[in-house]
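What follows is a group of structures, each given as C-alpha cells.
Both of the next two complexes hold subunit A, though its partner changes from subunit B to subunit C.
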Partner chain A sequence: MYNGGKIIVGLIIFVGLFTFPIFYNMGKTAEAPKPNIDTPEINKMEKKQCVESKEWMKANHMQMLDQWRDSVLRDGNLEYVSSTDGKKYIMSLQNTCMRCHSNKKEFCDKCHTYANVTPYCWTCHIAPKEKEI
Partner chain B sequence: MNAILSLIAVAGLALIAYIGVSAAGLQFLFGVVVPYVALAVFLIGVISRVVKWGRTPVPFRIPTTCGQQQSFPWIKQAKFDNPSTGGGVIVRMLLEVFLFRSLFSNVKFELREGPKLAYSSAKWLWLGGLAFHWTFFIVLIRHLRLFTDPVPGFLKGIEALDGFLQVGIPGIMISGVVLLGAVTYLFLRRVLIPNVRYISLAADYFPLFLIMGVALSGILMRYVLRVDIVGVKKLTMGLMTFSPGLPEGISVVFYIHLFLVSTLFAYIPFSKIMHLGGVFLSPTRNLANNSRMVRHINPWNYPVDVHTYEEYENDFREKMKKAGIPVEKE
Partner chain C sequence: MSINRREFLKIAGASTLFGLTGTAAVEEILKTSADASVLKGADALSAKRWAMTIDVNKIRSKEEYEKIIHACHSIHNVPDIGNQKDEVKWIWEEEYENSFPGVSDEFVPAHIMHKPFLLLCNHCAKPPCVRVCPTKATFKRPDGIVAMDYHRCIGCRFCMAACPFGARSFNWRDPRPFIKEENKEFPTRMKGVVEKCTFCSERLARGQKPACVEASGGALVFGDLEDPNSEVRHVLSTHYTLRRKPELGTGPSVYYVIGGGTEHA
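After this line comes the complex of A and B, so read on.
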C-alpha cells in the first residue's frame, strides 16, 4: 500500500469514531429507567390515577403542559377536564402535577436525563425541594 | 425515469419494513439483525474500498492547479489553491473537507454576445451542499444521545443551540428542518436544471430519496407520530452493548426509519457516498504541486537492460574493423 501509514491511521480514526458508542458503553447494561411514583401523596390515593391515562401521559405530557401554560397565561382558564373520567383539575405545574409527583429527581429527571431532554419548565417554575439522596 | 425508479425503490424499502414489522412481526430482523449487518457491511466495505484505493500507485503529481504555482520569489503563489508543500496541502484539504472550497468557484458558464464565453459566480450548489452536509453531521451527532449512557455533556450544548428557537413541543431542531430543505433543494436542482438532469443517474437520485426518507421518518417520529423514546433508547443501547432486546410498544415508524438508515449505511461503500473516504484519497487534491522541485520515481519501474555503445563495440569489434568502420578502442 502506498502511503500506508497515513491511510491506516485514517482508517483507525474512522473505525474509532463509528464504533465510539460500543467502547463508551462497554460493560454496561441496557436498562431503561423506571420513573418512581412512590411519594406520600400518591401512596394516599386509593386508585392511582393521573389526570389522564398512564400511556397517554407518557406520550403527550409535554404537549399537555404546553397547552396548559397557554390556557392559563393567555386565556386565564385554569380548569382542566380530564377526558378519561371527567374529573376537574386546576392547571398548575407546581400545585397540581408536583403535588403528587413531589419527587422530581426520581420521576421527571429519570427519563429526561436518560433521553437527554432538557425541558425548560424550571427556568420559570420553582422545582420542589427534595432531600439529597 | 431515473428519479421515478429511485423513488419507487425507496418507497419499496419503507414498505418492506412496514409490512415486515406490522404484518409479519419481524421486529427482531428489522430491529437487531439488519442494523448489525448494515454496520458490518459499512465498516468492512469502507475499509476494503480505501485499502483498494491505497494500493493504486499514483506515480506522478496530478493536483488540480487552481492558482499560480510556486515560481520566482517575486511572483505571488496561490499557496492553498496550488500548494507546493505538505502544509499547503493540509490547509487545502481542510478547506475542501470543511468548507467545500472547490465548489466555491465560478461554475456558471454562459455564451454572451460576441459570441463570448463568460464564467460567473453561482454559489447555490456550494451553499446547498454545505447546508446539507453540516446539518446531516449535526443530526448524526445528536443521535449519540440514543447510543450513550450517560449522555456526554457536549450533546446538551448542541441540542440547546440547535433548538434555541424553542418553537413547539418537542422543540424544533433547526438542523432537521434545514437538512430536509437542503436535500429537497439538491433534488430539485437535479430535476429542474436541464443539463444537470441530463447527467443524473439513478445512483444520484437514490441516495437523495433515501436521505429524504430518513429525514422525513425521523421528523415524523419526533413531532407527529410520537415514538416512545425511552423504549427506542433501550433498543439502541441493547445493540451497542451486544445484549439486544426488543422493548414493547415501539411504533412501526421507528422500524421504517431504522431500516432506511441501515440501507443507507450498507449502501455507502458501493456508491458515490464513498466520497466520505475518497475526498481524503483524491490525488488531484492531496498532492503537492512540487514536480519542479522533487523527482518522483515511478514505483513500478523495472530495471531497463541497457546495452551501451562500449558493450556493442566489444561484441562486434572484429567485424567492424573488417568492414572498415572506425572503432573507439583498438
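After this line comes the complex of A and C, so read on.
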C-alpha cells in the first residue's frame, strides 16, 4: 500500500471526528423542556383549565387540532364541547388556543424544537405578539 | 383432501364474520379522541343554497365600490401586492364587456357599458374547480358554498384553469409583507396556495352576513336560493337579472340586477 501510514492516520482522524458527537454525548440525556405556561391571560384565570385535562392535551393536542380544523372547515362547525367539564369552546387555533397561550415561543416552540417537529401552522395563522408577564 | 361446497361456505362465512368484527375491534382500539362532541354555532346562519344578488344601480360612487372591496379584503387579510401579475383578489371591479362576454351587445346604455360590476366567486352549483382539484382542497359544502381548505392546497392551479370567472388568485409570493393591517382573528395564506372568496363562511357560522353585504348598504342581498320567501328570491322575482356565463352550465349563484325592476323603475 502506497502511503499506508498516512492513509491509516487519516482514517483514524476521520473516524474520530465523525463519531465525536456520539462519544461526546454518550451517557448524557438531553433534559426534557419544561415549558412555562404563565401568560397574563392564564394568570388572570381563577381555575386554570384548558379545553381538556393537561395530560390529555399533552398527548393528543395534535390530533385534536386536526379534528378541529376538519370540523370547522369541512363540516362548518363552530363549538367544541369539552369532555372534561362540558364547557363550550370556539374551535380556533388563533382565537381560542393562542388567546390564552399567548407565549408561542415558550409554549409551542420549546417542545417542538426538542422533539424535532416543525408544524407549519404559522405560515398562515398569525402568532400572537409575545408579551412580558 | 378436498372440501365440499358445504364446508367451503362454512369457512367463508366464519372468516367473513371474523373479518367484520376484527376491524370493528381495531377501530375501537385506535380511537384516540376524547368523548366530546362538536356543535354548530347557536346563531349560525344556514341555507340549502346560499346566493347573492348585486344591484348594479345601487352602487354609485367609486368610494362605495372601494368600501365594499376594502371590507372584504381587510378582514380576510388579502394582500395588496400592487402589480397585476401577482395580484390577489376576492372581490373586484370589471366592466360590462368583460363581465358578461356572452351577452355584451353592441349598443348598450352608456351607464351600463362603462359601469364597473362587482365580481367575486360565483359559488357555482356545479363548480368545475371542485371537479379538477386533485386533493379535495376545494370542495362544495352542503349549503352551496365552494370552500377552500388551504391546508390541503398543493398549488397546482388546476382550479384556476378550470374556473371560467377568474375568481381564483395564486400566491406567487409570501403575502404577509403586503398586508397593511393584519386582522388577527383570521389567518393569512402562504406562498404557493390558491385563494378566493368564501362567501364569508366563517362569519355565517357566527350568525353574521358576509362582509361585502354588510358594507354595501342594501345593494348586495344574500340569502337562501331554495327558500321561496328569502330576500334573494324576492329580488329575483321582482327584477330582471343576469348571471355570468350561464351558457357554460356551472350554475353561478351570484345574480346581477341590471335595472328596470318593478319596485323602482
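Details
Following the convention adopted for this analysis, the second predicted complex is superposed on the first by the 101 of 133 C-alpha atoms of A that agree within 3 Å, B and C clash if a C-alpha of one lies under 4 Å from a C-alpha of the other, contacts with A are read in each partner's own complex, and residues count from 1 in each chain.
Here, contacts are C-beta pairs under 8 Å (C-beta built on N, C-alpha and C of every residue); 3 or more make two chains touch, one makes a residue touch a chain.
The model shown is predicted, which means the values in this text are computed figures rather than measured ones.
Touch criterion met: A:N25 reaches subunit B, while subunit C stays clear of it.
Looking at the shared chain after the overlay, A:N116 reaches subunit B, while subunit C stays out of its contact range. Within the superposed three-chain model, A:K88 lies in touch with subunit C and out of touch with subunit B [touch as defined at top]. When the two complexes are overlaid on their common chain A, residue A:Y80 makes contact with subunit C while staying clear of subunit B. Applying the stated contact rule after C-alpha superposition, one finds that A:G10 touches subunit B and leaves subunit C untouched. Contact with both subunit B and subunit C is seen for A:Q63 once the two complexes are overlaid on the shared chain. Of the two partner chains placed by the overlay, neither subunit B nor subunit C lies in contact with A:K47. Residue overlap on subunit A between the subunit B contacts of one complex and the subunit C contacts of the other covers 60, 63, 120. The part of subunit A that touches subunit C in the complex is made up of residues 52, 56, 60, 63-64, 67, 69, 71-84, 88, 91, 94-95, 120, 123-126, 128. The touching residues of subunit B, counted against subunit A in their complex, run 39, 42-43, 46-47, 50-51, 54-58, 144-151, 155-156, 159-160, 166, 168-170, 226, 228-231, 233-234, 237-238, 240-243, 245, 247, 277, 280-281, 299. The touching residues of subunit C, counted against subunit A in their complex, run 32-41, 44, 139, 141, 143, 147, 149-151, 182, 184-190, 201, 204-206. Note for the complex: subunit A touches subunit B at residues 1-4, 7, 10-11, 14-15, 18-22, 24-26, 28-33, 58-60, 62-63, 65-66, 111, 113-118, 120.
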